[in-house]
Amino acid sequence: MEFSDILDIIVGGLTSGMLLFMVAAGLTLVFGVLRIINFSHGAIYMLAAYISYSVMALFGNAPNTYWMALLIAPIAVAVLGALIEVFLLRPMYNREHLMQLLVTYALVLVIVDATKFLWGPDPKMVLLPDILSGRIAILGATFSVYSLVLILIGFLTMAGLWLFLNKTKLGHIIRAGAFDPEMTEALGINLKFIYTFIFSLGAWMAGLAGVLIAPLTTVSQGMDSSVLLDAFAVVVIGGMGSIGGAFLASILVGLGNSFGLLWIAGIAIAFTFIVMAVVLVVRPWGLFGRPIK
Amino acid sequence: MKSNRIGTFLPLLFLVFLFLLGQILPNFYLRIIIEMAILGLFAQSLNLIMGYGGMISFGHAAFYGFGAYAVAILLRDTGMSLVPAILTGTVLTGVFGFIVGAICLRAAKLYFAILTMAISQLLFVLVYQWYAFTGGDNGIHGLTVSPWMTDPQHYYYFVLAVVGLCFFAIRVILNSPFGYTLRALRDNQERTVFLGAYVWWQKLIAFVFAAMFAGIAGGLYVGYDHMAYPLLVNWSKSAEPILMVILGGINTFWGALVGAVLFVIMEMVIGKITTYWLFFLGATILILVMFFPKGIWGYVEEKLAPFLARER
Amino acid sequence: MMLKANKLNTYYGLSHILFDLSFEVNEKEIVCVLGRNGVGKTTLLRTIMGLTPPHTGSINFKGEEVAGKRPYQLARRGIGYVPADRRIFPDLTVRQNLEIAQKPGTSGSNSEQWTIREVFEFFPMLVKLENRFGNQLSGGEQQILSIARAIVGNSDLLLLDEPSEGLSPLIVGDLRERLLALKNKGLSILICEQNTTFAFKLSSRGYIIDKGRILYQGMVDELNSDEKVKDCLAI
Amino acid sequence: MADNNNLLEIKDLKLSFGNVHAVDGVNLTVKKGDLTAVIGPNGAGKTTLFNVITGYYSPDQGTISFNGQEIGGSPSHKIARSGIARSFQITNIFPTLTTFENVQIAYLIIRGKSFNTVSGFRKLNRGSVEEILETVGLKEKANTLAGLLSHGDQRTLEIGITLACKPKLLLLDEPTSGMSSWETNLVTDLIEKISREMGITIMFVEHDMKVAFSVARNVVVMHQGQVFAHGTPENIRSNQEVRKIYLGEE
Amino acid sequence: MRKNTIFTLTILLVFGLLTLCSGLALAGETVKIGFVGAFTGPAFKMTKDAEQAAVLAIEEINATGGILGNKIEMDSRDGGNRPELHARLAREMIEQEKVKAIFGGGASSCVLGASAVAKELKVPYLVSVGNSSSIVWKKGHHYVCLFESNSSMEANAWVAWAAKQPWRTYSWIGPDYEWSRMTLKAFKQKLAARGINLKFKKELWHKLGETTFTSYVPVLKASRPEVLFIGTWGSSLNAFILQAGQAGLFDKMKAFGMIAEDTCIALGKKFPQGLHGFSRGAFNYYSAKEAAGKEFTDKYYKKFNMYPGGFSFCAYDSVIAWAAAVKKAGSFDSTKVADALRGLKFSGPRGDQYIRAVDGQLNCATTMGPLVYNEKYGFAVLDPATAIAAENVWLSVDEVKAIYSKQ
């Protein structure tokens, strides 16, 4: 084992952590503001990946049309997210949690079958632009450029969300609305719009994650459920509603998994859930969450 | 209390009807009814804690699967016959439910739901990997039960008897002080504390009951399909009883059964026309949740209310 | 006329709280609503603010019927709400608390537009707290911030719920002075109080309510000298 | 051992939230059979005091002795079982149960029957529960869902629930809040009747002075977390200081 | 009122569908067969490949006048990944639709579930997707036939192939479940039995359906074996190859494993060099070898505008074998057909084949070899393919009988 190998493993772990975070961030954001567990987050992620394929196909399927897909697909699902919020979730806010959960769960069934119907059985391949598909040597280790880009995007997403929520007026409004919706409305802020915006933003982030992962895998049925459970676990470990928590938990799970693979065989399948169970038993509201009443 | 008599009379009439069905229906339909009854018991066991106790569990399949695997392994390894195996399996599931409940009840509401899901997912991983004991991903197939039980008509009566007894037992529990304390907890936990209730124990015991009834349902399933497999423990299986309870009507006694019946029918009927049946299931749930939050049976019950005694 | 409410009836769930309540607030006027706790004062303000909309009755604000409007719509029309528990956002700084509440006044308003800087000038004690978080403020500081938050939204009418509660006498005096200054700048204020002395020193007119009904109303001087009023408010 | 006639003795009780001293050194003695009104302006600490007595909060300091036993810091359900029953400021019933079931469930829980899974709930102790419903005047509405009762009836039902707890001490938090004057009269009569006929010691928080002074035999005035005055209604009424804290000062 | 209307409409809709279906069930006078597959989840592509081939086979049979003068009609059902649903659907089709045989398959547990029903109701079950050896051996019975090499045969084929390769230090990655654990174990043992001792530097197990391998790839890279044995399949495999390729894993080591057409097609041009794969029915290999293979590939391409996958060959074979068995039995009677299937000889796109009488296993070869990108097809194919005959890798008749006698 050489230093370059360790470096390689760290980068690998961070990459998977950041991919996880990209999905988890939207999930935890929506929970933090709307108090809804969005089961359909994974389905939206898959839908965006399929849309990105179609966008590229529309523009001739050249690798560089990926940029178009990266722009359009997340926006498309963000629009869908806004529609879902307005027509399906809005009537649910006064109802029990269970009913809200059922709506998002039912959406999973609907969206998954719709993608199957619209895109058919074949896995779809999304190509990377040449500039991203190369490799680069640093300190004796070779990394895929895309891996480094993903890590960068993960950190940028965290930074962006942090800046947005902490340094902009809209961000402050969102945090205020999450803490005390009634008082926020009494200050002249239309929370309905904020909720739609946040759910739409959550969908956009799921979409972005979907488009980002697409070139690393093939777009196919089943990609939603495998990511959802892991992202969900990360959100719970970090504390539901805490974006920083999700970020640290993603890194913890990503790196933990990498080094777990190195030292303990056969742990990967249960690793995330073991961490989650331990955290929940010790601190049921997660590492950085607040207990909800 | 005249109307009350109609309330108890109807289920009896229903039982007679089911008995006659066993005489006239071909095996194929009997097997469908068996499946409905088993899933109905599974859903009802969840309804006990979710509908009446207000505890949402995302991991209820853990107990259904635990019961199923316990029975399957007992049948495979010990040469026990089905009935003692189910009895043993139920006790084991109860013990398992006690441990899981004691851990999960540290948390409340959504966190409780998530914790149950995490634990059931851990069990899934265990079952999936422990090849020597649980058969790993393939599961346990081709179990033999006594020839008498293998006959669908006989098994139909057996399941009917067991599920009927369980429903009766659940009914008794729900109509006992314990059952009403459970409702009181759901309505207003704080108040019951000031009435001197041991909330934690109350919930834990309810949880164990629910686990045991789910375990019985799992055991009956093994006697029916002669197999156990990891998906019985998966979170997607946990979603099924939730959907059934909502489909039929939460907070109603018969809703869980009605939901299970509808679920099986939908799966068969729509699945026959299109392989996209989940789309229609999703759409149905959306319509129900948006427009009929009380579920199908809840809605019917509301319409029948003038004719029936209050059945709660 | 700034605000005119007519025959308001409000329920909390099944509980009937306000009974046929009618009152009015004129421009540049401070009006107080007095009563012991539990008589429906808070509900009254919540009803006007749209947080607990009235079951029946009308609320006319600056010539427009606003009963049944959402709270944010009322806020945008120029009503500022200062709840009894202040409800400062604990994770935001003083400045951020003000920023999110800042909005332009309504076009028909003749009062000048507030900026955050002017608010800081108006409440000098907030200046040194600018970057303090909401949960690091004392009760009095929270109260001032809560009022500041309402006026930075360029409200024409302030609804104050028990502003003097839990404050030391020194701060209460200061608060009164600030509120009078606000009135002189053109704001109308509707204030619900238990502290009769404080309220009477501040307002020109008053309503005494009990069990959700108006028992007495009139100019403050009349009310102040009326023994029946005192009996109703105290013992 | 203190005076055997004292049911509740509170000594130097303190509880703060952060730097808010909600209960700030309360000393209070309640005699058996007493009917005490607790009054005081908003935020005086009345409800918090009830919450400490019933174990919802643990006191920071001080002792609470009930019937000669120290109960400060015990869990709520134990305190409830020792004979302190309470009602709440906000309506706090079981809305999806019927009136009868509301009282019945309280009756059974307090007697430790909540783990009985076999008896028919509605048939147990019918007589006693009906008696309580009779006392509070809800017998005709026995089979109505509590959530559908009028507000006044819901408040009355709360008293019924506390009565089912076979209390030695009854703590009622604003039993007449949100009631019409007609309903208020019914409840005050009821409180008086419970005290007189059943001999139960009662403490109640009240804002309506007319009610407080007409019913109570003793009045406790709380102000800023402390007992400001304690005496007969006449004493309190003539106390200028008390009057002053109500009208406010600067 | 509005609620009432919606409610009534919903009820009407459900019952409408119900009657519609029972009507449909009564309509046909043709002979029915059933296809139960996993149209939901990760096995969707394989299932669709198989189903399309079965549809094609039936079209051809009907075009030539059907079997024994009867037209054939196939019904498809989605059993997803749920064993009990596969079992229930199989039962429903047999008892209600009166199908004469069940085709398709899915995950091993699903096949085993449906197989138990076929055994109980005595109806032939011709499996073309899912290849656990338990299907024909441990849980085998008279009514089940398997139209691809089973897992044990495939493992042996890998052994035979790997024994000829120069590699001695290995690493492994595969999904964490019984099939791949068994495969790896058998692989090691059997090579050892041939006197070839391998050194495994790293064995990584991922969860089934995993699509993020960025943590795995560097660990494998750091283990520095001569060759990587890949047990991963399906969309997980696509993801692994892409991510490993991007990180330069295949520059450092050779790799071989369960890489079949679906992955080659999905990855297209992106398929890295230096990988070795296998197929259950490599269309380019059989097209070159057999006229029937070429004909099938062309017809399939023409009808569905895609090349047949390995499972297409298996499913096509299963239908024509059944047709041949019916002709041989001279009747649709399911027991007679099952009898006829045992030892049946027939000719299909993979050439002349037979179903072994003792266990119902088709004697299909396993084709393996280097995967090379092909301009004409637009994806990588086995080039050159080595076929390892079933007779070299399956358990002998005596061994199979020994397994049966233990049951």
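Points to keep in mind about this one:
Should a chain be cited, it is by its letter among A, B, C, D and E, assigned in written order, with residues numbered from 1 in that chain.
Following the convention adopted for this analysis, a contact is a pair of C-beta atoms (placed from the backbone, for glycine too) under 8 Å apart; a residue touches a chain by one contact, two chains touch by 3 or more.
The model shown is predicted, which means the values in this text are computed figures rather than measured ones.
Chains that touch both subunit D and subunit E are the following: B. Excluding subunit A while holding all other chains in their positions yields a single touching group, one piece. Set against the Cα centre of subunit C, the chain with the most distant centre is E. Chains A-E form the pair joined by the most contacting C-beta pairs. Averaged C-alpha coordinates put the centre of subunit B at 35 Å from the centre of subunit E. Centre-to-centre, using mean CA coordinates, subunit A is 51 Å away from subunit D. Each chain gets a centre from the mean of its Cα atoms; for subunit A and subunit E, those two points are 34 Å apart.
Between the CA-based centres of subunit B and subunit D the separation comes to 42 Å, rounded to the whole angstrom. Annotation for subunit E: residues 39-40, 176 touch two or more other chains. Of all residues in subunit B, those touching 2 or more other chains are 128-129, 278, listed in ascending order. Subunit A has residues 116, 266, 269 in contact with two or more other chains.
Across the whole structure, chains are in contact as follows: A-B, A-C, A-E, B-D, B-E, C-D. Contact residues on subunit D toward subunit C in their complex (touch as defined above): 20, 41-43, 91, 149-151, 154, 174, 177-178, 180-181, 207-209, 213, 236-237, 242-243, 246-250.
By the touch criterion stated above, subunit B contacts subunit A in their complex at residues 50, 56, 103, 106-107, 109-111, 114-115, 118-119, 121-122, 125, 128-129, 235, 239, 242-243, 246, 250, 276, 278-279, 281-283, 285-286, 289-290, 293. The part of subunit B that touches subunit E in the complex is made up of residues 26-28, 31, 35, 128-129, 131, 135-139, 141-142, 221, 225-227, 229-231, 265-273, 275, 277-278, 284, 287, 291-292, 299. Partner subunit D is touched in their complex by these residues of subunit C: 12-17, 36-39, 84, 139, 162, 164-166, 169, 172-173, 193-199, 201, 211, 230, 233-235.
Note for the complex: subunit A touches subunit C at residues 169, 172-173, 175-176, 179-180, 182-191.
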